[in-house]
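Take a look at the structures listed below.
Each of the two complexes below includes chain A, the first together with chain B, the second together with chain C.
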Partner chain A sequence: MASVTTDTPIHSNDPAPRAKISQQAIAPWLFLLPAFIFFAVYVIIPIFQSFYISAYEWNGLYSPEYRAVAGSEMTDLECTELGNRAARTEGCEPTGENVWTGEYVGFENYRNLWSDPFFWTSLKNNVIWLLLYFLAIPGGLFISLFLNQKVFGMRLYKSLFFFPFVLSQVVVGLVFSWFYLPNEGLLNEVLSWFGGPRTNILGSNDYATYGIIAAGLWPQTAYCMILYLTGLNAVDPEQIEAARLDGAKGPKMLWYVVLPQLWPATFIAIVVTVIGALRSFDLITIMTNGGPGFYNTSVLAFYMYDVALSEFGFRMGYGSAIAVILFLIMMVYIAGFLWKMWRDEKG
Partner chain B sequence: MRSIFKTGATALAAATMLSGVAYADGHGVSGPLRIFSDMSNPAPRAVMEDMVARFTAENPEVEVELVITDREAWKTQIRNVLQSGTADIVNWYAGNRMAPYVDAGLFMDISDLWEEGGLTETLASTQGSMTMDDGIWGVPYTYYQWGVYYREDIFAELGLEAPTTWEEELSNCQAIIDSGRACYTIGTKFLWTAGGWFDYLNMRTNGYDFHMDLTAGEVEWTDDRVRATFENWATLIEMGAFIADHQTYSWQEALPFMVNGEAAAYLMGNFAVAPLREAGLSDDQLGFYQFPQIDPSIEPGEDAPTDTFHIAANAENVEAAEAFLLFVASAENQTLINNGDNLGQLPVNANSGVDDDEFLNAGFEMLSNNAGGGIAQFFDRDAPAEMAQVAMQGFQQFMVDPSTLDQVLQILEQARGRIY
Partner chain C sequence: MFPRPIEQYGQGTRVAYNAVLPLALLVWLIPLLAVIWFSIKPGEDFTTGNYWGWPENGFQGITNYMTVFTQSAMPQYLWNSVIITVPTMFGAVALSCMTGFALGVYRFKGNLLIFFMFVAGNFVPFQILMVPVRDLTDQMGLYDTRLGLILFHVAFQTGFCTLFMRNFIRALPRALIEAARVEGISEWRIFWFVVLPLMKPAIAALCVLIFTFIWNDFFWAVVLTQSPESQPVTAGITAFNGQYRAMYHLMSAGSIVAAIPPVAMFFLMQKHFIAGLTLGAVK
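This part shows the complex of A and B:
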């Protein structure tokens, strides 16, 4: 953290140097406090709660708590044991509190995950997403090189290429599901011109995931393109000039002169692409709802939602176990990212 | 799903004394009454608002706070509402869909209201589906039939009659396919439509009681009788009875196939009639028949999902809530809200009248006189939530590729072992 300096030097005859110093020490923390509180409440504490809940079997519901009315023949214990009948029993009254109904099962949820084929399908799809999403980086680089010219109307072309990134993921998902429609869809229309067979991409166990990834790549490529366009502005023209004098051109120029200078942009592009690949939930929900069949296009985040929070999902503990696994996988990446930041800052 | 409550509840039930509340006449109640409803589509919303208006006219001392939530969103929001204690009355569904909230003690047992309000007679037909764990947990306000809605004009063109037996069904279907159409439209993207097909095929192949045992987890999914159901289904699938690519469509997106005449029929609930009429099909073109029998020795069972009102266990104004439930259950109210101008569905109260509509009459006739096997709620309301989810995925998988049947049944059987 950068140290705080003020314009006024602290003189020994200052009326209250002590107060000033402590002010300087406290002020940054005070400014950080709201962020810390929200980060703790919405991120840190829920992480530990997920760990905790993953050791329980719990349907996500709390039950109202009952106690005996003073002076009645019932006891608190009897009222509690009446359970769903206590509300109608004379002598018992609700305390206004809710009690947690989880049951401790230790590592049972994790053992079940291990033998759960849908968990492995989802994990496999996560890996496919991560790998294929990286295509957005060379794609974005290519388009940005192509657009980095001085031609009349170039700003318009740039905005058109950037357009998909402005759309919400839900809209992208809808547009692509219409594009893939088995009868009226544009894709099949085009395929039929070339005599290709009609395919129902999103209805096929084999292609559906790839179809969704292609939809996701559309805005992601635009994002990488913008990153590279800004990066290209910062490329040193003198170095290009010097390289040209030395006879470098084409791929050599790109690889040895331009790309190294684009490294900061590439780094950010990698970071946002990994994050984008893990945010695939909304596209999957819109385009296939996890199907066809048994979770064929599901990823871990979708599977977690489906078992714990969806219309038929009542397995909070199991969902938390999936969340923990997802968290641990992300940790590897986050740790790598932090390490790299730390190394860069050091020197 | 286990509950900390199950133990001891039955043991102490004998010692339970019912609270003496004056609900017999329903008048004289007062105070605020908070109702959370999922009747968010235009017609149901108007019905709900009208019911509240008529109830407050009868009970001017009650101030109703009505919150109407999107019907789909409500399926997950009900958890928060019930636990936060912000509602006195909520909408939900009959059958096993009540189980999580009954087990967690979030619904109030209103057996005594049924007893003393005379509901055990007027609502007798649905008492079973409202009963769980020796209690009755709500009152129904409407239900609707399922069955085959078909294009009468296409059937007439091909010289076909509505089938009553499996042989007629298959020969009809073959004739329809030969004319270049699909027999049935269906959209299985959101899975439950396939649940309807399974319900009917299984109830016709093995009977209502078997179907109930299966959804209650007492029969193995790998059982030969279950396989027989799937074999009948496979016969239809393999002859090309269903539209292609159904896994990509929602049930609404499957409607145009029937409207355009690319498919001749649709196995659906009565709520499909309204959009079909709006799309331009006249009552001359649109017909209804009961799902044909497969095994003549089996009494037909029918799906008729029931929608309900419940009192929250932590309700603050129980007297007013009970008065409202009695009001909802009354014959007069049910006749009104279910007529063609309102919900266009069937009233549950035995003393209420059915509106004069071709399809409502057909449905009422079928459920009253020709559902000797029994009345089921629907697959996703009869089976526990988790089983419903995985089984309906399996049905879709099977419909897309019938050769995966063994694998599907294995997965369902494993799920059964875990869930029940």
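This part shows the complex of A and C:
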């Protein structure tokens, strides 16, 4: 804090009062303090705790701590080591404190992950999500080009096209699962008009993940569309006219003149799409709850939740190990994003 | 303008465009129209297998909606959502006004580092926070309470809001702040009387965005709450799913009710909403 540069120039012939300078030095820290405490407690520290817990086996519980009753043959250490059995052991009494029941296992959780087929299914599905989610970007671009006209009622059209993004993923998931219903769903209804076979999309090992991704693409495409519409608004009309005079049109114009100017929108679309793909949890939970079978549509985000808060006993350590892997994957993108921001700040 | 304005095309193209536009919208919104359709049909239709056809005994109007409101925990869930969403919105926006001011106006060592910490934190997967946050909430005695959810949401959303506010304040004319300093106004008063009034558009944009994000949150709702007394509507509707399995008319009415507040927010505050979402989409 010693090397604070204040913004108000301090001239030697016009000495600013000392109080003024130190106020400018302290003020930012005071403004940051409340948010920083919140953020540290709920975001920063938990990240490290998750890394820590991933080296333990923990069922999420705390157990009462025991100590030796004064004058008995037991020692405090013996009582502690007995764990819950100390409750039935003469000479031990609860201290009133609770202790964490985690058991150190080192890299055991990660080794188990390596040989866990469900982990690999989830990871594979994550890759599919990531790849297919990118369809939202050209999809959004296409719709935005289609809508970038000034006809009567266009404002309303644009908002209605954007509409799916405002719905919660829970609602989107429910809506699409009805759409996919094996016998009565609208999709099968339409398919049967064309003589197609009726398929139970969400009950099929082959199609379920794709069915969920299609549901996710609906709001995601709307989001990319709105980014591109804003971007198209800011495209320099003179450049377009100049290129038009040079005979550029259609796809060539799009590729060489318009898209480069849309790069900021594309960048944000990539960022939100990657994050959206890796955060896919709601849709899977609502639409298939990880099924059919064991974790066929699971992704890491879902598998982690399901393992950590499993109905067959919490496995917080194992769950944390999955979370750490997911975090490291995400970190690649976060680092890239920060690097770009840092470059923009400097340049 | 790209593509070329439709007026510059021939008559045929213009007519075709105007015809395709509503059709495209219709196709795009089919899933939504399907739910609306379901929600006004009588329940018998679903037991007799008449899912998509015209209802045999006429439309139900708002009957299904009334049932949802009077015979389920829906009002409680909706109320919980309000109690969770509104304070979070105010909390996160208030905190980030301050952080945005601190990071956008002052130059000090570590400024960029702290800023990046907020930005990075905002992007981390929820799962890396899940176990410790659940444990912390439990230890504070706030598991399955609305306050527990609010506190976490405020903290987490502050990351995104700080990114937003700081960039917004950065773009404000510095001369204003300099002038105020020369006048000898204290830093706190500069924040309150000079900068804050200029931040109104950013505050409005963040309020609608945070409202929508938090209202639609599902993950933390299921991690940190479990009873109808504290669960928001997104989590509640899945419980609902169990209660009304295969009663699509009620489920769809419930889904629509759950979706209305953010949708209304969006249509009322559209300009701010889109300005918030697309911040940075233009250089």
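Going forward, the second predicted complex is superposed on the first by the 298 of 347 C-alpha atoms of A that agree within 3 Å, B and C clash if a C-alpha of one lies under 4 Å from a C-alpha of the other, contacts with A are read in each partner's own complex, and residues count from 1 in each chain.
Criterion: a contact is a pair of C-beta atoms (placed from the backbone, for glycine too) under 8 Å apart; a residue touches a chain by one contact, two chains touch by 3 or more.
Since we're looking at a predicted model, the values are computed, not measured.
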Is A:127 contacted by the first partner chain B, the second partner chain C, both or neither?
-> neither
Which holds for A:161: it touches chain B only (first), chain C only (second), both, or neither?
-> second
In the overlay, answer first, second, both or neither for which of chain B and chain C A:341 touches.
-> second
May I ask you to decide whether A:169 touches chain B, chain C, both, or neither, giving the answer as first, second, both or neither?
-> second
Of the two partner chains, chain B (first) and chain C (second), which one does A:60 touch, if any: first, second, both, or neither?
-> both
Answer with first, second, both or neither: which of chain B and chain C does A:295 touch in the superposed model?
-> first
Should A:309 be classified as contacting the first partner (chain B), the second (chain C), both, or neither?
-> both
Where does A:82 make contact in the superposed view: on chain B (first), on chain C (second), on both, or on neither?
-> first
When both partners are placed on the shared chain, which of chain B and chain C touches more of chain A | C
First, second, both or neither for A:242, with chain B first and chain C second | neither
Do any residues of chain A touch both chain B and chain C, and if so, which are they?
-> 60, 181, 309
So in the complex, which bits of chain C are touching chain A?
-> 1-6, 17-18, 21, 24-25, 28-32, 34-35, 38, 49, 51-52, 95-96, 98-99, 101-103, 105-109, 111-112, 114, 116-121, 123-136, 151-152, 154-156, 158-159, 162, 174, 177-178, 181-182, 184, 186-188, 191, 212, 215-219, 222-223, 234, 237-238, 241, 248, 251-252, 255, 258-259, 262-263, 266-267, 270, 274, 277-278, 280-283
Contacting residues of chain B [partner chain A, same complex] | 1-9, 11-13, 15-20, 72, 75-76, 79, 82-83, 85, 100-110, 112, 133, 135, 189-191, 244-245, 247-248, 313-314, 380, 385-386, 388-390, 393-394, 396-397, 400-401, 404, 411, 418
Across the complex, what residues on chain A touch chain B?
-> 57, 59-64, 78, 81-91, 94, 96, 98, 101, 103, 112, 117, 177, 181-183, 200, 202-203, 205, 288-289, 291-295, 306, 309-315
Can you list the chain A residues touching chain C in their complex?
-> 1, 3-8, 20, 23-25, 27-29, 31-32, 34-36, 38-39, 41-47, 49-50, 53, 60, 145-146, 148-151, 157, 159-164, 166-172, 174-176, 178-179, 181, 184-186, 189, 218, 223, 226-228, 230-235, 237, 240, 249, 253-254, 257-258, 264-265, 268, 275, 278-279, 281-282, 285-286, 300-301, 304-305, 308-309, 316, 319-320, 322-324, 326-327, 330, 333-334, 337-338, 341-342, 345
